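Chains here go by letter, A, B, C and D, matching the order in which they are written, and residues are numbered from 1 within each.
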Amino acid sequence: MTKARVEAFSDGVIAIAITLLVLDIHVPEPGSAASLAHELAKQWPSYAAYVVSFLTIGIIWINHTAMLRRLNTVDHSIMFLNLLLLMSIAVLPFTTALMAAYLKASGGENLAAAIYGGSLLVMGLAFFTMNRHLLQARVGLLRDHLTPELRRAVLRRNAAGLVPYALATLCAIVSPYLTLAICGAVAVFYALPATTGDTPPEAPLD
Amino acid sequence: MTKARVEAFSDGVIAIAITLLVLDIHVPEPGSAASLAHELAKQWPSYAAYVVSFLTIGIIWINHTAMLRRLNTVDHSIMFLNLLLLMSIAVLPFTTALMAAYLKASGGENLAAAIYGGSLLVMGLAFFTMNRHLLQARVGLLRDHLTPELRRAVLRRNAAGLVPYALATLCAIVSPYLTLAICGAVAVFYALPATTGDTPPEAPLD
Amino acid sequence: MTKARVEAFSDGVIAIAITLLVLDIHVPEPGSAASLAHELAKQWPSYAAYVVSFLTIGIIWINHTAMLRRLNTVDHSIMFLNLLLLMSIAVLPFTTALMAAYLKASGGENLAAAIYGGSLLVMGLAFFTMNRHLLQARVGLLRDHLTPELRRAVLRRNAAGLVPYALATLCAIVSPYLTLAICGAVAVFYALPATTGDTPPEAPLD
Amino acid sequence: MTKARVEAFSDGVIAIAITLLVLDIHVPEPGSAASLAHELAKQWPSYAAYVVSFLTIGIIWINHTAMLRRLNTVDHSIMFLNLLLLMSIAVLPFTTALMAAYLKASGGENLAAAIYGGSLLVMGLAFFTMNRHLLQARVGLLRDHLTPELRRAVLRRNAAGLVPYALATLCAIVSPYLTLAICGAVAVFYALPATTGDTPPEAPLD
């Protein structure tokens, strides 16, 4: 079934993007003057950016399973919107590395943070666009009947999730630390049991 | 079922190739004389090549799902032709990086563009070869009865898709920008809803 | 089914992490003064760390299949704990590279070993936390009825598996070689047929 | 089902190993004195090693599907032997890069070729070991009844496939080119329709 391949391909791209993040954490050169502890401590922005991006991609993956769970089947338009969503996810190892490299820099740090926040915002927008397409233009492909009210509620919650990323992008003017902190807070918030969207957190899925 | 493993392995290779593309977008070294904005702007060929290759690989994946959807099962010849197709896709992160590195160079830029266009042409040829094998030599493995006319029409459309890549490769003599622009236009064209091949774009798949 | 996607995504992340390990084994520069044999022999810590980490990740994957096999379905809490487990696995290419780079160093070698042992301990703790959640807080999602005694026995065996990693981390103060040796011994121990957990080693699974 | 996860995990590891091969084909630095054509031509060993390893890994994957197709289910011993097989495959991007880097070198080229041939031999041995285990010690898990004669015939053919890799490894003393040529010839030989093992090449699989 084509829907199964869309899921498998998406799982593949998202799994690779989330795992490639580790390639940006570098092993300090042995034999440098500074101690290893000092060298490792110095690159804390890499760890912070790693954790925030890992959790964020993980949560978008969880949301992706929920979005596709509602579908019986897919069509070409859905496959293409999904491809755009995957592109917005696949680019995150770059924006994460940029954020990590410039967080403590004096010069470029605001731009790097704006690009990082902006890349998460674009990912959120790609998700919202696909979700809205499914819930408004492809109602006939949904597995269960969802009332218009319920569908609007799902989209409203989805749209509300874009606000903190927009805020994080704007706050890059003030401080790159603030951008990273907001993105991290969003990840923690969505990880909390009570905030997972349209199924109660303890409900078995499927 | 073996067909399911062919799909899973193909999804894996294509997902990895499409996600590895991001490794060629480099983070500028902090503390350089030029501003980060300037450094990031300078590497726009990397972004352009990234988007074109991502969409192109994504579309070949969509077409791959359509090609395998027609099959009930696979045999060894199909698995081997599929392996050659995957090799032509897996090499694209290299040709994309080559294109990006030489687009603005004075020296080598025409060759790099010809190799890029040529690599997409080879991928298209590998796809066409496999598709023709399925539709002409392995009719017994098809899921549904397709009339010879319909099968020829599918292959004609498939062959027509090779023309722009041949053109893009030839145009590398004139300008590498032209090569990239043609390849990008092909990706956008196939993304448009009305041009997806043998199913109407709004038809549910499967 | 969502459980199938959790398995597919986990398979993806673990497969990528285990395969990325090879990127840390470097090809010596041709034309150096020393012979290739000498250069290759010199980097034996990379091979040792590679084998230990490959087997360890492989065994955690085998255990992951056993853990999810007990489930009928998943909920959000399980998906999130699984995400944390995957993060603890995805970080291992970094800690493995760190271990390999510093094993023979004079300076930083104890810290590197402690981080390596510690990263395996954290992975074990993430696994135990998820397993305990399934067996104590999500009994209703289990496929088969397991008596409380049996569930406690599974968790006790699981917890016992954490002890050698705690020991390996502590032993980093004494010698990084000892840390690696303990971790390697654990991998070999779990590979032995008689020690695989709650199914007899020759029992067909499923 | 656990067998499905073994297939998915194996597909993942093999797909990643086969796709990572491309990371060893380097883009020449723009602006060097030599022309791009010259620079690209110079690194032909990378292309040759890439093609040979890609086809070899692809064929081992095809053989892996055939091996697991015979099974109804798996047990722990099979999962562990499969893990060793995957380790022998995952290491090939390193031995391929070594072969490519030293093929034309004067110094180290014989050792590099011996390691390359040896790594393919080890992979073949790991495959044979697992196959023999399935066909001799786990007959009860096979899907179809296979007569002892048929099972011995499969293993004999499998063992015969090890001979050229042993030869390629030995020939490294004579010439690294010979090693690569033999390995390439094996790949082409197995790709030919008439030589695929225990099913006629045109038989639908499953």
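Here, a contact is a pair of C-beta atoms (placed from the backbone, for glycine too) under 8 Å apart; a residue touches a chain by one contact, two chains touch by 3 or more.
For clarity, every value in this text was computed on a predicted model and none was experimentally measured.
Visitor: So which chain is the furthest away from subunit B, centre to centre on CA atoms?
Guide: C
Visitor: Tell me the angle, as a multiple of 5 degrees, of the rotation that maps subunit B onto subunit D over the C-alpha atoms.
Guide: 90
Visitor: If more than half of the interface residue numbers appear on both sides, call it same; otherwise different. Which is it for subunit A and subunit B?
Guide: Because under half of the interface numbers appear in both copies, subunit B and subunit A meet with different residues.
Visitor: Measure off the straight-line distance from the CA centroid of subunit C to the CA centroid of subunit D, and report it in whole Å.
Guide: 26
Visitor: Compute the distance, rounded to whole Å, between the mean C-alpha positions of subunit A and subunit D.
Guide: 36
Visitor: By the touch rule stated above, which residues of subunit D touch at least two different other chains?
Guide: In subunit D, 8, 12, 15-16, 20, 23 touch at least two other chains.
Visitor: Of all residues in subunit D, which touch subunit C in the complex?
Guide: That would be residues 1-3, 5-6, 8-9, 12-13, 15-17, 20, 23, 72-77, 79-80, 83, 86-87, 90-91, 93-94, 97-98, 101-102, 105, 107-108, 111-112, 115, 140-141 of subunit D.
Visitor: Enumerate the contact residues on subunit B facing subunit A in the complex.
Guide: 7-8, 11-12, 14-16, 18-23, 25, 27-28, 30-31, 35-37, 40, 50-51, 54-55, 58-59, 61-62, 65, 69, 191, 193, 196, 199, 201-206
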